[in-house]
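What follows is chain A paired twice: with chain B in the first complex and chain C in the second.
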Partner chain A sequence: MAVLRFLARPLSRRLRSGYGWVDERAGTTSMLHKGLYEAVPKRGGWAYALGSATLALILLQLFTGIFLLLDYVPSFSQAYDSLHYLETSDRFGAWVRGMHLWGAYVLILVIGLHMLRTFLSASYKRPRELNWVSGAVLFFLTLGLAITGAMLPMDNAGYWTAVVVTNIPHYLPFIGDGIRSLWRGSDFVGPVTLTRTFGIHIWVLPFLLFALIGGHLMLLRRHGEFGSWVNYQTDTDDPEREITERILRAEPPYPTKRTGRRWAAPRDTVDFFPDQIFKDIVISVVLIAVIFVMSYVAGAPLDERADPATLTYVPTPEWFYLPLDQMLLLYPSGYLILVGGLGLVGIGALMLTLLPFLDRSHARAPLRRPEVIIPGLFLALVVVILAVLGANRLFNL
Partner chain B sequence: MSHALVADAVPQSVLGNSLWVAIIASLHIQIATFLTGASTLTVVSEGIAMLREGHDQRHGRLAHGLLRSMAYTFSFDAAIPIFWVLFVFLGLWGTFFIALTRITFWVFIFEAGLFLAEVILLYTLYANWDRLTAYRRARLGLLVLLNLVLFWQMFFIDVVASYMLTPNGGDRSQLAQILNPTDIPLDVHRLIGNIAWAGAVTAAFAAVRYLRALRRAPEDAPFYDWVVQWGVLFAIGFTILQPWVGYSYAKEVQLHAYGAWYTMMFGELSNVFLLQITLLGLIFILATLYLLRRLRASGASGVRSLRIALGLEIVATLLAAMPSRFAWTQGDVTARHLDRPFWQGGLENPVGTMIPNKIIALLALMAASLWALTVYLKALSRDQLRWGDATRRSARGVIALAVVVSMMMATMGVIREHSRHPYLIYGEMTIEGQHVVDHAQPSPGATQR
Partner chain C sequence: MIRQTRRQALITGTAVGGAAIALMLSIPAIGFVISPLFQARRNSWVRVTTLDSVPMETPTPFRVSVPIDQGPSTDPVDRIVYVVRRRGGQVYVLSNTCSHMQCNVHWDPKLGASGQFLCPCHGGLYDITGLNVGGPPPSPLPPWRHRISTLPDGSRLLEIENQYGERI
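Now for the complex of A and B:
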């Protein structure tokens, strides 16, 4: 009878009461309210949108990846054929594969920009150290996903990428050969290598990625978006009083705990909904549109079937690994690869991850903390220059 | 042909003709690179002056000074390429120059067009600087345009310079000529180097004015003291990247002009290469010494760190500049059958090998210099420096720094131009007689290609 009474009501009332039933049990309204009406700094909203865009692009990778799994066969003998079928016979296969590739390219760029913004604005300082650490690890996981994904097609490019990449651990002293054998499943790249790389690409790395994304978002909600130093400038002759007033009238999640009073609450804030979410959606939609167009226009290349015996094929790295590839060219022998390729890159990656613990200054404006900005910009410039020189070398192969 | 038309009057000495090119080219390059780099410094200073309008007059004054110096030096420098092309190239190296012009015809056309644009922009800015103060954004826009014009000028002339060393096996497609293997590395190398050189010249000029101001016009001393450090920051900051870029450049030469690379690293030029590394180390040492003295003069923090950085730079320079053999060329060592370490009675010195020792020394040199720069900037950002109290000694050190940078540029020019020997265009045209190489016949460099 209760069901019949429910069905006899008008549709709007039926929906409202249905939602009321769910809300009573799950607390969706308070959850949505908490999620949508939190304060964010007013200035710099377009720059903060890079974080949301990163999440949108990761979700795009997840969905396109699921569609690719419908056709892809992770077998050394059939991987190439399955992708060839997807490219030539599946109606939207080539487009979806293109979106997966261009999505990865744009994702790496966007994460890089997001990190640069965070670095320049010193948003990683207390109490947001773990936001930065989790973000840096997310960046490395994304690079890992990109390189393991590049090995899967088992065309010439994929096969030789696998040969080069799985050989890199070999240069580590003591444990290097063990890691290489573990990854390859033997001394050479073969069927087991593909199976293991596939497992890493679709299970291990995504699991870690989504776990860290959850943590990253939770931390963001806990401490609030820092924004940049411009949001904390004072205008009056009595800055202490101005800061006190700002803290008193701050909306959640501000004032941020365990930070200096000056950095506890931004000068002006807006609600996440609709102000910030509008910017987030615009940036994400523009990026996804770019991916859409590029995947249609350029697609994703599929080389000839892998030929382990070829003597003419010259493997070339993906553009985001060009700096590393160029570095390996500059440090050609075993000892130097250890120092230059693995040592410098490893130390650089470690310093990047542990940046909040290395930068102990209280200043936030870039010009006031050259001890971090100068080495950081130097590193960024080196990466760009190595990428340009690497691209030049590949052009003249 | 009439006897009167035979070109008997043209000197035939390869050495003499090469010397003419060396003198004219060195003079032109030192000025042209200053112009390109100074235009970047002018944009930076004018931009900062606009941002800090009313708070900081120094950048506005520096931007104007740089622009005037560009106008004066350009006026002199403009005559050199004309003399170079008309008399030295057409008169002494006619066959080569005509062949080169036919190969890189469009590149030269663009270069000439950009030269015209440079004349218009530079003299417009020079003549109307004060009038344009009311339209500062437009003035900054014109400066940016001038900067872009000079960048593309450098790019197109680099196409010619790099093509002569790595002509891609004589590939005649325009794209292969323009983006030949050493073009982009040379562009990056010069883009960074030009800014560093302009910084060094600006610092040296300001150092001279500072020394004069101390005697005659003490009210100007703080400004020139500040300009000296501003120039040095660009000189050292951009030079830090150069070992890496230069190494990449040499790597491309190794891959695409092996004979030239061998001459540089193991042949006649290998000792000049050691001189170049020594000069590079000296640049870092002199710059760090200046930063150290500058901090000490103001009683700022970081002097101890800079002393350690200086020590590291000296050790790294000594290691990087160490010869890998005690003979003029590797060929001499092999010919005397003494290719074993000196402690076994040979002539080789494994401590001075490029890979890995010199590379690690260069990395250490870069790291120490980056550290020195960071320590200095940290003190600067904490407002610990007072302008006008730099010592005379530190100003003289900066003048020496500019001289070393100039010598470094000349040395690099000698290495690049001579590494091609016996070619004008590597593997394609010889210096002696300007003969085009017939690839069907054995040529002087055939075994090296």
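Now for the complex of A and C:
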């Protein structure tokens, strides 16, 4: 009887009451409200879109990566053939492969911009230290995904990338040769190298990546986007009182309490939905459109089949590894390779990760903390110069 | 007091159970991951050339089909064996694997006084005996593990094993 009465109603009412039934049990509406109706600062909205664009691009990599599994065979003797088939006989498959490559390129650029934005606005300061630390680790995981992905095609580029990259751990004292053997399967690159790298690329690193993204987003929601340096200027003679009032005016649930003297709410806020999410989608659409077009026009290159006995092929790194490759030239011979190639890079990566604990000042405006901004931008410049030098050396620009 | 003890026992039991699961999962998994360290290499000898056909004082590359020493059986892969015969009678059987980043070096007769091995990746240089003489390489070119035997007809046969004579 109840079923007949339900079916007798008009469709719109049926849908509404059907949703009501689900909502009563699953709490979807309150979950949506919690997710969408969040006060975010009005200023900086376009810059914040870099973070959501990073997420969108990572999801694009997951999506295109799943589809590549429809064709790719992780076998030392067949990997190349499977991709060669894709490139020559399956236009849409080649397109998807192109999107996976161009998606990776754009992703690395956008993560760089996202980090630069966070660095300039000092958004990593208390209480957001762990947002930065998790973000830095996410950046390294992305680089790991990029380099393991580059090995998989087993064309000349992929094979020689595998040789050079799996050889790097060998410079670590004591355990280096062991790590190289574990990764390669023996002293040489072979079938075991490919299956292990494939496993790392499609499960190990993505699993860590998505787990950490969950944490990164949880922290973002916990602390909100409030507190970039643009929001910390006070106008009255009594900044304490002004900040207290502004916190009271801010939409719940952020900020729920003051965590320090200079911890304040922004003057103007907008709702995450639809104000911020519109900006997010605009940036993501532009970036994905670039990927969509470039992957069709330029696609992803596939060299000749891997030839371990080639005397003419010149191994070249992907553009985002050019700075590291160029650095290797600076450290000739012996232990200097360890010190310069691994030690300095490791210290740099550690300093990048621990930036919130190195920059302890309360200042947030870039001009008020030159002791952090100048070395940071100098290092960024060095990385760019190394990349240009490397590109010039390898490609004779 | 009794409640507290029971609660404590349940917590300890949960921790012990979790640790037991972790142990049972990690022993086979870690053993699987580190198995290449303990697996016997499938070594085999392959013919390169007869020595007398190699020109003197000229590093000559031979493309040799070498069995892979790891994993499931697959087709052999081609590797380069540079054979160098010196006038003094010494024979060098070099791989073309740079000791720096393991890129593929080649002999360039125009380099140096009478030719050098050049690595295209970072410009490493080696002399005719494989000794590192310039650029970043930390050690000489690794030689192939090799043996020379005299055939019934008097010619000398050069064979290599699918391993380097020195680890780089």
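The working rule: the second predicted complex is superposed on the first by the 378 of 397 C-alpha atoms of A that agree within 3 Å, B and C clash if a C-alpha of one lies under 4 Å from a C-alpha of the other, contacts with A are read in each partner's own complex, and residues count from 1 in each chain.
Everything below uses one rule, namely that contacts are C-beta pairs under 8 Å (C-beta built on N, C-alpha and C of every residue); 3 or more make two chains touch, one makes a residue touch a chain.
Quantities reported herein were computed from a predicted structural model and do not represent experimental measurements.
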{"item": "First, second, both or neither for A:Arg184, with chain B first and chain C second", "value": "second"}
{"item": "Contacts of A:Val192 with chain B and chain C, given as first, second, both or neither", "value": "second"}
{"item": "First (chain B), second (chain C), both or neither touched by A:Leu311", "value": "second"}
{"item": "First, second, both or neither for A:Phe76, with chain B first and chain C second", "value": "second"}
{"item": "First, second, both or neither for A:Leu219, with chain B first and chain C second", "value": "neither"}
{"item": "Touching partner for A:Ser333 - first (chain B), second (chain C), both, neither", "value": "both"}
{"item": "Partner chain(s) touched by A:Leu389 [first = chain B, second = chain C, both, neither]", "value": "first"}
{"item": "Partner chain in contact with A:Ile374 - chain B first, chain C second, else both or neither", "value": "first"}
{"item": "Contacts of A:Val163 with chain B and chain C, given as first, second, both or neither", "value": "second"}
{"item": "Contact residues common to both interfaces of chain A (with chain B and with chain C)", "value": "329, 331-333"}
{"item": "Of all residues in chain A, those that touch chain C in their complex", "value": "76-77, 160, 163-164, 167-168, 177-178, 181-182, 184-188, 190-192, 195, 307-315, 325, 328-329, 331-334, 337"}
{"item": "List of chain B residues in touch with chain A within their complex", "value": "168, 179-181, 183-185, 188, 237, 240-241, 244-245, 247-248, 251-252, 255-256, 355-356, 359-360, 363, 370, 373-375, 377-378, 380-381"}
{"item": "Complex interface listing, chain A residues touching chain B", "value": "326, 329-333, 335-336, 339-340, 344, 363, 367-371, 374-375, 378, 381-382, 385-386, 388-389, 391-393, 395-396"}
{"item": "Touch list for chain C against partner chain A, complex", "value": "33-34, 36-37, 39, 41, 61, 63-64, 68-72, 74-75, 77-80, 96, 100-104, 106, 120-123, 132, 135-138, 163-164, 167"}
